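Below, chain A partners chain B and then partners chain C, in two separate complexes.
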Partner chain A sequence: MNNITTLSKLTIKRDFLPYFWLIVPALLVYLTFFLYPVMSSFLYSFTNFNGFNLNYDFRGLKNYKVLFGDPVFRQSITHTFVFGILVVVFQNLIALFFAIALNKNFVSKNLLRTLLFMPVMISPVIVGYIWQFIYSTNGLLNYLLSNMFNRSFHVNYLSDGRTALIAVVITHVWIWIGYSATIYLANLQNISSELIENADLEGCSSWNRFRYIIWPLLAPATTVSVSLSVGGSLRVFDIIYVMTGGGPGYATETIATFMVKAMQKNYFGYAASSAVVLLILVLLATFIINRYLRGREIDL
Partner chain B sequence: MIKKLISVFLVLFCLSAFAYSSGQKATTEPKGPVVLSLFSFKAAPHEEKALIGVINGFMDEYPGIKVEYEVISHQSGYDDVLRTRFAGGTMSDIVMSTPGAFGDLWDSGYLEPLNGEDFLSRYPSTTLDNVTREGNVYAIITETAAAGMWYNSKVLDELNLDYPSSFSQFLDVCKALKNAGYIPFFAGEGGGGGAKFFSVPWAYKNIASSEGFPEFAKKVNSGETQFGEVFREPFKAYLTLISKGYRYDPLNTVNAQLGGEGITTLAGGNAIFMPGGSWYAGKFDAAMGKENLDIKLGPFMFDDKNYVGVVANGYVSIYSGSKKKEAAMKFLEYWSRREVMDAYAGELSSFSPLEGGAVPTHPRLQTIARTYKAGDITVWQYPVPLDIGNPWSFLNPIVQNMVLESKDPTTAVERAIKAINMEAKKNLDLK
Partner chain C sequence: MKKNNRKKILSVQEIVIIVIVMLMITPLFLVLLNSLKTEGELILSPLSLPQKVRWENYRQAFSNMGYIRSFTNTFKMTFYATAIGVFLYSMAAYGLVRAKSGKRFFSAMTFLFFLTLAVPPQLSLVPLSSFLSRIHLHESHLGVSLVFIGVNAGFGVFLLFSFISTVPIALEEAAEIDGCTPLQIFWHIVLPLMRAPVTTLAVLLSLRVWNNFLYPLILLSGKESRTLPLSVFFFKGADYENWPLLFAALVLAIFPLLIFYFFMQRRIISGISDGAVKG
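On to the complex of A and B.
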């Protein structure tokens, strides 16, 4: 028995250790730049840390109590979820449409694929400024609407509390469509052409072909794309901060912008508590959606 | 074996070289002048020029002290660097802070008290209130920025209209301007927006003329008085301007910035009045095109008469961890001299914060300078510690919402007051 234990230890040492040393650099980076900040944020969320003074006091759950009693924070949770749902639905639907369209053989498909992916490569800050001009009173959107409906439009979509959130959602979707489309496209190209041809020979309509063959086979891409868009949209900060700063009023305030504003007021402990809430919500949402989508993959 | 020996030798060699170099550094400390470091957020070209003027003058007078400065603008993250350096114990000997950060710096014990220094007597005690905590003064003030109403004086002259001297007169002037086909008033609520500029000095003037700032602060800090109540009168007045149709708003831009779209609008002749600060003087110079306009800064018109809104800014303190406090104190004394301070503040289009200090010579600022000299002054940063946080920083979204809801002014004002009270309570809970 003793010999077997010694042998297995030797095997572990021989087989495992070389691989362990290979992952050590990545592990160190992960521990230092991800796990440590997350854990320290968690600890700070129970303190009155102001960003300046390291002699902070622990104050138990008081930050969380104030947080959930804050109507602006509650509003920001609603906005975060509305933003997330709209982005996930529209980003994936439109991306799927483009992926199917770009999966056909035509002359300019590579150019169109590049154009579709291009917004992903532009900094969200720059995109935000470009769309500010599009949404401004004398911007492109009002110009197009005025010409389409033959009457003048003078709406500033980012200054109106009723349109600001939708306007930012559209911009965010515009940026990330190319990314999701690439994921769907990669999956589409792996679907056997024989399967499609057989369906055509059997007289399957386009809709049925999509519904019963393509859509189920796209399950792996759907899982990846939806999961990434859920995480990305719930954590959204940059595009909102550039375009509206969370305003007008609190019309586009999300948990991430709320958190940064708390930091700007030197309420670091309070900001950390909102970061913890955001982390939990993102983890929960991603877990639930992943569980559902993975189940769909297994059914396949 | 040989490889191992070589490795050990190389490691020892590196370690000894490192130890030697460290030791060298400690023993060969240059015996030159005392080097003071200064960290500032005054990063705009004209601000940096003004700062260099002070530093060079000081070094001429004290050849044994060298001042090295570093500037980072607020937009580039001055406050973040400030936090990191203080927390890491690597802060410069002399540090500049804003009213927003000053309280936290003091609270963290990073600032050296300046009590007993003769040069403090050159400042009015009301100015020093801003930087006094528990009876000790922790900074000198290097500028007093003024706020009021930018206006197109040429149009007023053409219509034989005097500059209004109360809010009711202002409404009359707006009516006359509107009847003559002009748009009287620009309002944008982006950043430090119009409603905030207009309402805060008015509210604080009311506090000063009733129970005074320290007494009111005590009541607010204890939760006995609701802070938002002081804004009812100015908020109503501001929404009156909007509801009477005096506001320039073809752009429907509640996010518009006074210092951006506002200046363009006034400089383009598209509106006559706009709330704003003295620091826009240079921007107006740059924005004026072919239009033959004359844009000047006048005082605010509140319920009874006109006031200049002022803020003591550019707090300069000595880092409590500095090893060169004596030299740093000399620098603060030098900066507090009348000729030095007047030149510095003048370069920034600000008023000198010293007792009887100079007013800026910029031609656009002469109307407001007259009211300033007459002593009709009100502040727009609360001058004594408030536990409810800095109202100037938390009012933005609240007044934006109020303006968005201005179709029903009564409800909009009440909601804004309620929001201020809730924010104040939250900040008290977090304190």
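On to the complex of A and C.
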């Protein structure tokens, strides 16, 4: 490697510039269409920008003050976290179950994995409408319950404030189970079968085999899957916007839906400050979770 | 893994799992089944086969959602964002990994790209529509594609970065002695070696773009420029609670993706599995 202190014109020309030009096109698009808007969002979060007129005024921290004084926003922070915790726990537990179930010499293994993964492929808008039907007054859930208990059920689970949030959590989990299961399955297939056979020979019960052998060895997959589900669930937008629009009332409002709605009302400065709050929360949560999970990996 | 000859017979355990997976994806069959019914029939018996198959729903959904136009729009946007994106990301990833001097500069640039992985895409949304109209890319699919290329840059560069680091450098050094420039080496030697990860990346990127709802919702407001997810979204507004008709629209929107999935599923699964194993 060349030492930076001996950079001559020749090495710049030969060892630096050609590589520099290779990254320039991607860098330009990235800076212009992502980093620049992100930076301007930070700026706009201190202004009363309305989305179009560039003669905005700086209002200092006023947007943030109003934001945290707004009960709807405070609720949406709570909802975002409740949504996130439920999704992370159930998505990973159920995916783990399927991954372990599919990690056998089943004839139908590949077919089942393909089917399980299918919801990930479909646009959240489509999935949202499918589940909106299931939860509707004349929908599948009520139909099944009515047949099961022999009396009629007529609840719209998405317009009842007590069930709406759980209902969207179920839909979100349903989509992403296949994704997490694929991650766990890939990790399981890397665990040597000798190790597991040895445990069997030693007379290990299947719970102990899972608890003391498989689960610790799954640490890398757990890190990936849990971090992805934390990021994905805290910034959730599509599924909620399509299924409930944040309602009934504000029962399913999350930070992301709150932000888009503020934009649609032309409160762009306000929207920007809620996006900044979302960024900070996502960064904090990912950082804490990642530290914990990486620590687990090293303990092995 | 050992092959054993008894495995051709389904075990009880396997049947249980098959039933559970089938139950899990019932909602998808439900859509197909009920897209061919009348409204009344759907409400009375959502789980039975249609008494009389109503293809009419599909004809109506097809024209109501402007299927051909939305399909073309989505395809155009996905194609630009994926083709240009993959090309730019692979060039950049190569430059970042193999640069010989100015290490500190290039690691700062790598960090800059990877920054996106942590930033929620929503944060870039606020200034975008006014910005795009200032540079005359308002309501344009090319404009939205550029936005996608920007937002996916971290993901794309990251995926290829880790691959290029594993490619032995000897081949490139030989080419360099023969007088090839880095661009030539990239084009003639590295890119052909990267065919597998580049295809995986292209598949994953096109999925991300094709299915995206948030950016088109904010950046493409005109009816003419709607993508498939958008026209599905607005379809319901027009025909509220006519579920069979909506389901026909959903099936039409799912159809291209299922075909894509059918051909590309090994790439998709391996793309996700690789990330998991590397951790």
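Everything below uses one rule, namely that the second predicted complex is superposed on the first by the 268 of 300 C-alpha atoms of A that agree within 3 Å, B and C clash if a C-alpha of one lies under 4 Å from a C-alpha of the other, contacts with A are read in each partner's own complex, and residues count from 1 in each chain.
Keep in mind that, in the parts below, contacts are C-beta pairs under 8 Å (C-beta built on N, C-alpha and C of every residue); 3 or more make two chains touch, one makes a residue touch a chain.
Nothing here was measured: the structure is a model prediction, and the numbers come from that model.
A.B. asks: Kindly classify A:S225 by the partners it touches after superposition: chain B alone (first), chain C alone (second), both, or neither?
C.D. replies: second
A.B. asks: Tell me the contact category for A:V38 with respect to chain B and chain C: first, second, both or neither.
C.D. replies: A:V38 contacts chain C only, not chain B.
A.B. asks: Which holds for A:V276: it touches chain B only (first), chain C only (second), both, or neither?
C.D. replies: It touches chain C, and chain B stays clear.
A.B. asks: Classify the contacts of A:G249 with the two partner chains as first (chain B alone), second (chain C alone), both, or neither.
C.D. replies: In the superposed model, A:G249 contacts chain B only, not chain C.
A.B. asks: Which partner chains sit in contact with A:D70 here, chain B, chain C, both or neither? Use first/second/both/neither.
C.D. replies: Touch status of A:D70: first partner only.
A.B. asks: Applying the document's definition of touching, compare chain B and chain C: which contacts more of chain A?
C.D. replies: C
A.B. asks: I'd like to know which partner A:F16 touches here: chain B for first, chain C for second, both or neither.
C.D. replies: second
A.B. asks: A:G51 in the overlay: touching chain B, chain C, both, or neither? Say first, second, both or neither.
C.D. replies: A:G51 sits against chain B and chain C alike.
A.B. asks: Hey, what residues of chain A end up touching chain B and chain C alike?
C.D. replies: Residues 51-52, 54, which sit in both footprints.
A.B. asks: So in the complex, which bits of chain A are touching chain C?
C.D. replies: My answer: residues 1-2, 4, 7, 11-12, 14-16, 18-23, 25-27, 29-30, 32-38, 40-41, 44, 49, 51-52, 54, 98, 101-102, 104-108, 112-119, 121-126, 129-131, 133-134, 138-140, 143, 174, 177, 179, 182-187, 190, 193, 220-221, 223-225, 231, 234-235, 237-238, 241-242, 256, 259-260, 263, 268, 271-272, 275-276, 278-279, 282-283, 286, 297.
A.B. asks: Which part of chain A faces chain B closely enough to touch in the complex?
C.D. replies: 48, 50-55, 62-63, 65-66, 69-72, 136-137, 154-156, 158-161, 244-250, 253, 264-267, 269-270
A.B. asks: Please give the residue numbers of chain B that touch chain A in the complex, ascending.
C.D. replies: So the residues of chain B in touch with chain A come to 79, 82-83, 86-87, 101, 104-105, 107-110, 189, 250-256, 389-390, 393-394, 396-398, 400-401, 404, 422, 426-427, 429-431.
A.B. asks: Help me check something: in the complex, which residues belonging to chain C touch chain A?
C.D. replies: 1, 4, 7-8, 10-11, 13-14, 17-18, 21-22, 24-25, 27-28, 30-31, 43, 46-47, 88-89, 91-92, 94-96, 98-106, 109, 112-113, 115-116, 118-131, 146-147, 149-151, 153, 157, 181-183, 186, 207, 210-211, 213-214, 217-218, 228-230, 232-233, 236, 243, 246-247, 250, 253-254, 257-258, 260-261, 265, 268-269, 272-277, 279
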